[in-house]
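Input: structures, listed below.
Below, chain A partners chain B and then partners chain C, in two separate complexes.
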Partner chain A sequence: MRSDARLPLALTLAAAGGLMFLHLPILLIFLYAFTTDERTYQFPPPGYTLQWFGVTWNRADVWPPLWLSLKVAAVATTLALLLGSLAAAALSRASFFGREQISLLIILPIALPGIITGMSLRSAYAVMDIPFSTLTIVLGHATFCIVIVYNNAVARLRRLSGALAEASADLGANAFQTFRFVILPNMGSALLAGGMLAFALSFDEVIVTTFTAGQQSTLPIWMLNELVRPRQRPVTNVVAIVVFATTFVPILLAYHLTRGGDATAGAGK
Partner chain B sequence: MSTPAATARAGAALPVLLAPRGAGDRLTALFWRRPGLLAALLVAPPLLWLAVVYLGSLAALLLQSFYSIDEFSGLVQRDFTLKTWAELFSPANLDIILRTVTMAAAVTLGAAVLAFPIAYFAARHARGRWKALFYLGVMLPLWSSYLVKVYAWKLILAREGIVTWAAEGVGASAVLNAVLALPVIGGNSLSTSYLGTWLVFLYVWLPYMILPMQAALERVPASMLEAAADLGASRWQAFRSVILPLALPGVIAGSIFTFSLTLGDYIIPQIVGTSARFIGQAVYQLQGTAGNVPLAAAFAVVPIVIMLVYLRIARRMGAFDAL
Partner chain C sequence: MTLAVEFENVSRHFGAVRAVDGVDMAIPEGAFFAMLGPSGSGKTTCLRLISGFETPTAGTIRIFGQDAGRVPPNRRNVNTVFQDYALFPHMTVQQNVEYGLMVKGIDRRTRARRAGEMLGLVQLDGFGPRRPGELSGGQRQRVALARALVNEPRVLLLDEPLGALDLKLREAMQDELKALQHRLGITFVFVTHDQGEALSMADRVAVFSAGRLVQVGSPAEVYDRPRTRFVADFVGSSNVLPPALAARLGGPAQWASLRPEAVRIVAPGAGRIDGRVVALRFLGAGTRVAVAVAGPAGAPPVVAFAPAGQPPPAEGSPVGLHWADAALHLMEGE
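Entry: the complex of A and B
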């Protein structure tokens, strides 16, 4: 589509202002990690120091939540990769009865607010007297991560010409050989991108997790507790930087892996 | 070297169809004859998972809302009753629901206004490198850590924080104080007022509005704008009667996210805002410290019902074509 002839200055300014509104706040997190003031949020910071990185490293209460978050994200991502790509393979192939309903069911866990998924799982555990464990967290995370993998896999399958699979069959390959040597190599980067986005989503998730974790603490839950009852505020900033980086890198990589397609990763969170 | 005649003889000796070379080939033949079988095998695991874990949990949620809590022992009584639902409709709880819906509507309106210039610029003016930059510029905040974003706003809005400092710097402290002195939306500081809660909601959900809006604007054909100009429409008239109606499905699609996400959030009003509760906070406190899982479950059904109504209206206005 051709662009309009003239570009109103007000529009450019509003668009640039909007983008700045989206990005500047995050920079403050970085700034406050170096402040010497540990009680208030005074701006500008009275002084600057690097001590909080060392303090955070030595805080024993930071490490168990970090390991738990990594474990949950790894298991949930693996499950979501398996279930999401199966669903994509089935739904992108033929149209069959109930296809629309199934795709709605896949999207529902992130279309409805997280509190509904969380409270539903909490109710189910209460009804069935299931005690909270790492597994109860993973169940919730895998459920809302399926759609992330599914979206990426479906977008790639749509671009993948059906003629490729037919050519493979004509050359004598059976369904499994076609999958191994034709479909999988073409799907690889889309699945990697979907997996990384799912990992980022799970690693950072807090709303569903607070309902399914019981007394356990993932890194976001630890952060939430620090926000409500802070001690050594800059330590929270250091952890926030770690969380930010852990989600930021996979997202950028996922963008690079799927760039140039009609559906780039991340368009539908 | 084979002559054409030799090739023809060898070809005649080969069967027309290759014999199956093993289980893989036989299954391939079966899938070919019955394509539904393969699709069913593929879809079964994810479908089972979602049906058991997700739909099963939603059923448990409904079931819980028909249990009740014993006032004396504080234990959940597993008998069917409408007592919990009657409790949900007490004036105090209706207040919470009304407050949440009002906030969700205000956030949605704000997001639509703020998102429009960004979406319009990205859809109709940005090219090549700039287009990619705009896309990343919207997508990165969308995906970056939710808690980190909320925390950043706690730093910004704190009484001793950057907003107060900037207002003093440009001599606008009086303006800030006047805004904080406003009834209802004002407060002691931005971080303890509805205005602050609204700002943070707006910030966190804005990308969800931009992306569908941009997609809808990209689909407005340039020929229609040329036609409008040929017929003598001013910029404003073309915007008002061509672009806006065609972009509306995208706006509504975006509003589904901003509305739904605001309805269910309990972290933002807990970190930034007044002590008055939203639906999410009520659910969280009831199932946690109060130990009243049935009432929490009934409360969680409220956003589902509101969103079902909202989605029905949105579908009628064509929002699903823009998703």
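Entry: the complex of A and C
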């Protein structure tokens, strides 16, 4: 429903102001990546340069955190896709005693503050005598990545499993054909969207990571440390642009894939 | 006469809930068969028993003489138009209609041709490339019809087929479905809670209540001679007269029904019973006149239908009520 009525000017201004307050600071981050001033963030920048991209490229300490972040996000997302979709399939099909409670338990990690998840995982690792490694970060991230995938898959399955699967069977399709032509094309975009969101969340996660990383640093943690140093500050901004691009693009795609839910490509040949 | 579908003492219980309880029913081939009842009466479960999405707890279901109890839905020569159509949202209209042929491995050209013919049949030529999401409710309904009919089912099941449409469209679709059924000669079985829809479309009506089949008959039979109070009350808003009142009106002390349109308003003393008008409701084609009659305590007012053109009596005025002997229909049971 779109209303053609004109909005009052004050409301338009307030909305524009709110949006600008949210998004202008991001533009500032971009702007400072091109400044010639490396110690303080003064506005307006005294001059513009592209040198920081080269400097960043040549800084050896940027690369290990970047690889670690990518690795953690990739593994956590894979794990989440597998476990999240299986959990969704199980909980949307069967109905058994305690189903609602289990569903709540799966969703809980995303409702809990990250700091609680982080602290509890850290103490659990300590109790079980597990040394910090990539795996400990991955497990920490998987707790909330699973929820993202699970929520996406469950929402889609809820719409699917009933009527559409029945319609398919009614028209003569066997279980395999129903899965191949009806369930998968509809699940595919939900899983892709869930996976991308999970990847983006994992890639820039700080709090849980702080508690589960030990001495390792992921890219966001590296940035946090870098910000307090007064040396080559715009390098952080260049990295911020990279982080922004790596997380924003998947989120944008995920949004497009799940929008309306009707526009799912493929299938039916 | 060949029977399309037979139910022999069929029950479907869900735990303690008897959704369908000992139903015997025969649907002749080529019939336009309505299963009518309030929600929870078992009519939809009966439909799902025919389509194969439910299996009977007891009893036998035969489709064209063959025991269908254990045949899965995808192997039955029966197709369904689902209540909210259940069109595949990720496929075009053309792909939706072709689906049943595709999964049976029919070649692309035949598929395209037959789907095109079906879209023509439901007056949706040229809609093939669109997505279900871009269609109106009535158009989706037609796609669902085409998608089912392209498989050349011997029985077409329709689950509340018109429920999601607005009044005007519903009336148009009623005529269209009726014409379609007539043309194709396929057995149509449809479920509805709307008695007007059942009476106007079907040639056989089965009335369900609480999991049981209460009455089967032609629309006229079910309407004029309801077998029980439930049928009289549910099919049309008939006067249901308690035994004491029926006895006072000259019949035996049995539950009886009296159609409002069979009751004529006459001068006090000139009819079978006198009363006082307690309520008037204007219905367009006439006025519904509720008359409180002297009789046993708690007896409901008798409703008469005064056709347009005849001025209805004023509220509170004394009137007489008259009807033909045959109009008072006695019902079984308590």
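As a working rule, the second predicted complex is superposed on the first by the 230 of 269 C-alpha atoms of A that agree within 3 Å, B and C clash if a C-alpha of one lies under 4 Å from a C-alpha of the other, contacts with A are read in each partner's own complex, and residues count from 1 in each chain.
Assume contacts are C-beta pairs under 8 Å (C-beta built on N, C-alpha and C of every residue); 3 or more make two chains touch, one makes a residue touch a chain.
The shown structure was predicted, so the numbers you read here are calculated from the model rather than taken from an experiment.
Residue contacts after overlaying the shared chain place A:Pro185 against chain C, while chain B stays out of touching range. Of the two partner chains, neither chain B nor chain C is touched by A:Asp129. In the superposed model, A:Gln177 lies in contact with both chain B and chain C. For chain A, the partner that touches more of its residues is B, with chain B and chain C as the two candidates.
In the superposition on chain A, contact of A:Thr40 is made with chain B only, not with chain C. Overlap of the chain B and chain C interfaces on chain A: residues 172, 174, 177, 264, 266-269.
Per the touch definition, chain C reaches chain A in the complex via residues 51, 53, 72-75, 78-80, 82, 84, 86-92, 95, 98-100, 102-104, 131-133, 147-148, 151. If you check the complex, the residues on chain A that touch chain B are 1-4, 7-8, 11-12, 14-15, 18-19, 21-23, 25-26, 28-29, 32, 40-44, 82-84, 86-87, 89-91, 93-94, 96, 102, 105-106, 108-109, 111-117, 119-124, 126-128, 139, 142-143, 146, 172, 174-177, 197, 200-201, 204, 206-207, 210-211, 220, 223-224, 227-228, 236-237, 240, 243-244, 247-248, 251-252, 255, 259, 264, 266-269.
Put simply, chain B touches chain A in their complex at residues 18, 21, 24-25, 27-28, 31, 35-36, 38-40, 42-43, 45-47, 49-51, 53-58, 60-61, 63-64, 76, 114-115, 117-118, 120-122, 124-125, 127, 132, 134-156, 158, 160-162, 164-165, 203, 206-208, 211, 218, 220-222, 225, 235, 256, 260-261, 263-267, 270-271, 279-280, 283-284, 287, 293, 296-297, 300, 303-304, 307.
Interface residues of chain A facing chain C in the complex, by the touch rule stated above, are 163-164, 166-174, 177, 181-182, 185-186, 260-269.
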